[in-house]
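Given below, in the form of structure tokens, are the structures.
Paired with chain B in one complex and with chain C in the other, chain A is shared by the two complexes that follow.
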Partner chain A sequence: MSDDPSDKRSLIVQNANVRVTVTYTRRTLLAGAAAATAVATVGTLSTAPIARAADPNSAQDMTDFVKLSAVLTGIMEGRLAPAADPIDIKRDYFKLVSEKRPAEFDKLLNIVRDNRNAPQAIIDNVQSDPDSKFLARSIVLMWYLGAWYDPDDLKMLAEPPPSPPEVSHRVISAKAYTQGWVWRVAQTHPMGSSDMQFGYWQRKPNPERPDFIGGA
Partner chain B sequence: MGESPWLGAAIAGALGAAAVLSLPVASAAQAPSVKPLAPPCNTLSDLVPNTGSELTPIDEANKDKLLTSGLPCAETVHPEGPPGKSRLENFQRGFDFYSWLTFIALNAPADDSEIKNSRPDTRTKWEDMRHFRQLADIMLPGGKAPQWGERRPQEVPAACRKDYKPGMMVTQLIEESFNQPFKTGPLIDQSGNYALFDILLNQQMFDYIVRNKLYSRNEQKRNSALKIDFPAGTNPPSGQTTGDPGTVMLKVSWKVLDSDKDKERFHNVDALVFIPASEDGKTKEACVRKTLGLIGFHVGHKTKSRLQWIWTSFEHVDNVPEQKDVAARNLKASYSFYDPACDAAKCPVNATPPRPWRFPDRSLKFPGGFKNQITRVTALTDDTKEINAKFQNILRGTVWANYMLLSTQWPSDFGCAGKTVQNPAPNLPPNTDFEKQPDMNCAPAPAFLANSTLETYSQGSVPQASSSCMGCHGNAVSFQQRPPNAAPDTKFFNQSDFTFTLEKAR
Partner chain C sequence: MADECKRYDVAIVGSGVAGALIAKYLAARGKKVVILEAGAKIPPNINDYMQRFFTSTFKVPESPYTPALFSPEDSTLLSKLVDPATVNAGRPTVLSLSPDKWKDPKKSYLVQGQKDGDQPFTSTYERVAGGTCTHWLGTSLRFCVNDFKMKSSFGQFVDWPIGYSDLDRWYGQAERELGVAADVRDQAGLGIPYAAGYAYPMPRISPSLVDAGVADALAKFTEAERAGLGMDDPKKPIRVISTPAARNSQPYGGRRACAGNTNCIPICPIQAKYDPTITLNEALDSGNVEFLDRAVASEVVVGPNGRVSQINYIRYQKDFKEPGQTTATGCVSATVYVIAANSIETPRLLLMSKIGDREGAVANSSGLVGKNLMDHPYYVVWALMPQDRPIYPYRGPLSTSGIEDLRDGKFRCERGAFRVDIGNEGWNFVVGGFGGDPNITTRDFVNGMNASGLNSKEISGLDRDNAALFGPQLAQTLNNLISRQIRLGFLVEQAPDTSNSVTLSDPSITDGLGLRRPQISYRISDYTRKGIVQSRKMSNLIFAKMGAKQFTKVLPDDPTRFEGDVDGEKVMLNFMGAGHLMGTHRMGSNAKDSVVDSFQRSWDHKNLFLVGSGTFPTTGTANPTLTIAALSLRTADRILREDLK
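Up next is the complex of A and B:
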């Protein structure tokens, strides 16, 4: 793997309303693309009211969470939450966030409820709210890395030095570890777990392939 | 779900005594004609057509139709269903319904009578060599070509010939007949007997193996460009009766039945168990006659829209308790592989037998009196329990009411599951996409599935470690080798299309 500029690729991820282009190398992506994506989602304050506690068994709340996740990660909703979803990692993530940060999570969902058809408005509102933006980063990291980074740690990391040299985290579960999107973006697999085709190592990663994160 | 990764070398000697040195010519015309399992294909589904949500009744009124409807050539499933059910649950119920129809069709009497009249020892369709053949009868010594149809006397291991009667089940022991996938250990019942395992293939699978000479290691190596692609089952177009069941593969598990009472509770066969001579020469080959009771039943079925195959798993209701039943002390008086009276300190749960794990001797007893203490780690879903109760009810009065579906594993990413290769080699059915990524199994549902008698020691939900039919079988390969003159960027695969059986070529 090389960081030679000629090895850079443009990763294109999109859903119905959002198209994001990121130039990356495999090394930079594996090292910190997810964190970089999270850092990109910061800004001003939301005024959305807290309506009620988020409920993982509510179809609407789950739909809103998946929409939020798609906007934050740049990965299509249908990929994060397939129509028939035997893995159902979204539910694990929903429960975790709602247990860890119930008030801020409700705020985030309220932003989605107010802007269901306006992804850019969701991003703008998340970026503008100090309570939400670091939880949003945690959610992005969770989807990409299958690990939980506490929003307070991420906030500290964003502040001027002296900030901690690294933030602590924990892998959420074996299932979450195998479902980290960073692996699919890099067209590889987590150590110790692969469902890729026998002989995949013969093939170079190809950013034009739609089957890892795209719609095909 | 596993036939297990097999070690060909280990069995070469084991089956040596079964070598058929000169086979007489037996034409297909000599075999008695038989009504095929399909077509006509069974296209019943769990939903009444055009209702969207009304479930097909599984009751006395519909009993005769369901019990005689035949083998599905492919699944007929829908995303819709009763209110409150998710798309995933609706599809799962459809696949479970398909599994029950398949189980009934395969276990219907070989003589074409109705399953409702079958006795515990009535010979089933899959035990009839006109419908299925055991793997040991296909992968012959020396890589010789097998022939379809009834077993000829010369093909019976010499030690078994004096007791053999035409049509009799002959289980030829290889390591995988008593040691579970990945050599995780034998399973020993409460009488101290080994559980025994066997694999059978239908004629479509047999024909593909013969057509491509995959019964021979040398031919597999020579035919390295072949992208192994077994025929896929298809239902007929609406209103027609054509269709083809495609490839069907079975793995079954047996327990030795000693009492007449047991014989009433299990489907059973009068079988010969061939035990090869030991490699060190200390033990001679032997053949013992036993009544074997069916305790586990896997079906792998490749269909056109499920190229990762559909994986069905049944087992006997008396095998083991669920873990939660043990915790609640909600137990039957006895199980085949669990002793309710033995505490966990004395009988550790789901522990393997002590090593060494040698071939059984003619007693078929594990040395030292060990008995397994097995529980089911993953409980059946409420939906599966419900469909089991309904089918068991219409099978009441037969031994088949004592069997339950554990689940059906199917590829849930439909866009992925039906993808086909775009540039097929000439003269090959281009059914399989060999570059499916990143998940060649197309999101199996449920993610894990284990039979307490066939994947005893790999139950659970740990990714890449716990039993998943597709997760395991997707790794199956053949003896094909990259052609020496292949260009460096040539895509080469020696996958064997979700079956480990080709590793048994000789």
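Up next is the complex of A and C:
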């Protein structure tokens, strides 16, 4: 559980943006309690238990998403989302996940909020629940490949039923493809999108090993 | 009818490298040219192509181009491949080559596998401005001297009616047109006689780290091993040499130098690699070329004097047939007609045409139109370099160097020769069906699967099979494994065989315009299989010298699979397509044994030229484009001097 007071504050301030969730975790109950406090304070109508929807315009939510992404992908936070980030692919990804799987996404963000300074605890919590686990894998593949793999499809691929239906994936956008991290992990560039110059291929990459691996 | 047709000096069917070069050559000399292109015209820029490539789930050679490969509702599921009956000017795609699709005319544009024993013809082509060289690799090798005389040198097949010396100057001109980067000193070692003082337009392309790794391995071959591979002089080393490529090593032709986008196939994003739209634009800039897009030639009409009198075509508006669609028919007439529609569409057009009521009679007194379809059956092997010895694939052009020393030798009396292309793109197209790496390996380690073959304890060094990873361990594992991938490809000489053929489909199987589709019957001969066996033998040696672990796999339902004896061991082998369609209207020295003469002129109709690699009597091992270009320029010069003087 997070001790960060700013976390609770952001929940209370943003509690008008509510979404009912049927998933009862320690974190959502806390969110419900926080929202109930806000109801008492501000006097607006609400229901409990509730949690707010993840909001890409919330700096805190975005920070949590980047933290989550860094922990899951193994890519340093500052490299996934540089301080000055004109490409801002994180926003596209945040919006996509929050549209595709709002409830599970909230759950993942709540895991981060509860374990900010404990990357392994984040991973352990994500792994402990199939819904979280497969959405987390979708998120990792999104960062690595710029493509959306539906968590249900990943589950089917990992645990194939006797006659699995055809599953596939969709490239999210040209921007997403060209921002795929697998290329940098492989110490190259996306195929079809090199920013290097003639002859680079006869020299080893510099640095010889990636300098951005480290997660959160 | 002919009186109603618009008249030109030259009418060309097809705007690929052959059609474009002939159009440019003749238009530059004031001749009026019309080009009928079955597909879309040159786009204003390549942005749409790039967007389509970037966002394609299946980044196959055909993915950037039109018509779309999928029905509009879903481009992510192979089951949604478009039915070729609904496409006005269809084309084959590698996506329809899977075991469940290649024989199904609702999935495969080419009607295949109708006869017992047929194997799939695995090469594809484009029908769009620029033709198939919109998605080519750029390899621009000259043929070896012996490639033109297989009969007299090795007692195999037939000789060409021309030899290397007839093409030498045209090779040089083609190299300037396409902009080829190479070093004569590398190539001359193959016994290719260059004119004294000849220099390629650009210095060679720099070799990759993968090339260097393979060169190190070859240096470790023993004399006995070289003899075992069939080297005529096993004392000589087998070398890795820079591959001549129509790819800029410095600015050339107003285009910039290659930036190593590793995407030559399907598309170079900066046009540092030549494609025929460059020539086509130059032709159009002359003001002497009229270009009709979405105009499918449907009939070559022969007049009573035996000369071609007109070509009829059908124009359509949209790529996909719509209910009640309106098409228009038209015709062109010209002094000279050139069919440059590739080795499948050219015979298809001829076979659709009639003389009187005799279908398939045009240019076909020899009976050889559509016969002897060939490719360079492409045997692909892949392996993983040892731990801590990354070779850094996915960098540079898709291929920068090759092994050429086994393109020629006495062994050609017995088996197919081959050249080796060294892949710089790791396992990009060899694992996981059409998903391609690094996607497949990434998915394996994120989702606990093993389609790549890499996700086992002994390979990954992890504590379990089918590991699903998060965090730094994921990134490190992927870095470690992907940076060690290596792929080699062997382009094997194919024997001409009249039973390998292009015919017309049953009338019930048509394209969106109602035209019968190409039907293919194809298999590879023992001569070619032996070349593949020898390829496997060589790859085993190379990987062993590198300390690399082989991962080459042939799927149990692969329709190209066959068993071969490699050094006493039974090994399952297979082949892919090289995209080198050859041989269906071969040239020769007489009208009985061939369809065209050495100038690619029809023996039957003096004002008809059938150009492209369909005229190749034998395949050699060099990628065909440079020879297509050289022959095209020679033909254009002949047309100018003899037919349009």
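Methods note: the second predicted complex is superposed on the first by the 145 of 216 C-alpha atoms of A that agree within 3 Å, B and C clash if a C-alpha of one lies under 4 Å from a C-alpha of the other, contacts with A are read in each partner's own complex, and residues count from 1 in each chain.
The definition used in the following text is that contacts are C-beta pairs under 8 Å (C-beta built on N, C-alpha and C of every residue); 3 or more make two chains touch, one makes a residue touch a chain.
This one's a predicted model, so the numbers in the text were calculated from it and none came from an experiment.
Of the two partner chains placed around the shared chain by superposition, chain B and chain C are both touched by A:His189. In the superposition on chain A, A:Thr178 contacts both chain B and chain C.
Contacts of A:Val126 after superposition: chain C is touched, whereas chain B is not reached. In the superposed model, A:Gly74 makes contact with chain C only, not with chain B. By the document's definition of touching, neither partner reaches A:Ile89: not chain B, not chain C. Annotation for chain A, partner touching more residues between chain B and chain C: C. In the overlay built on the shared chain, the residue A:Pro210 is in contact with chain C alone; chain B does not reach it. With both structures placed on the common chain, the touch criterion links A:Leu109 to neither chain B nor chain C.
In the superposition on chain A, A:Gln197 makes contact with both chain B and chain C. In the superposition on chain A, A:His169 makes contact with chain C only, while chain B stays out of contact range. The intersection of chain A residues touching chain B with those touching chain C, taken from the two complexes, comprises 174, 177-178, 183, 187, 189, 192-200, 202-203, 209. On the side of chain A, the complex with chain C involves touching residues 71-75, 119, 123, 126-127, 136-137, 140-141, 144-145, 147, 149, 154, 157-158, 166, 168-171, 173-174, 177-178, 181-183, 185-189, 191-205, 209-210, 213-215.
By the touch rule above, chain C contacts chain A in their complex via residues 50-51, 53-57, 59, 76-79, 206-209, 212, 249-250, 257-263, 267, 269, 392-397, 400, 424-426, 428, 438-439, 442-443, 446-449, 468, 470-476, 478-479, 482-483.
Contacts from chain A toward chain B in the complex involve residues 82-87, 174-175, 177-178, 183-184, 187, 189, 192-200, 202-203, 209, 211-212, 216. Across the complex, chain A is touched by residues 79, 87-88, 91, 412-416, 434-441, 443-447, 461-464, 471, 474-475, 477, 491-495 of chain B.
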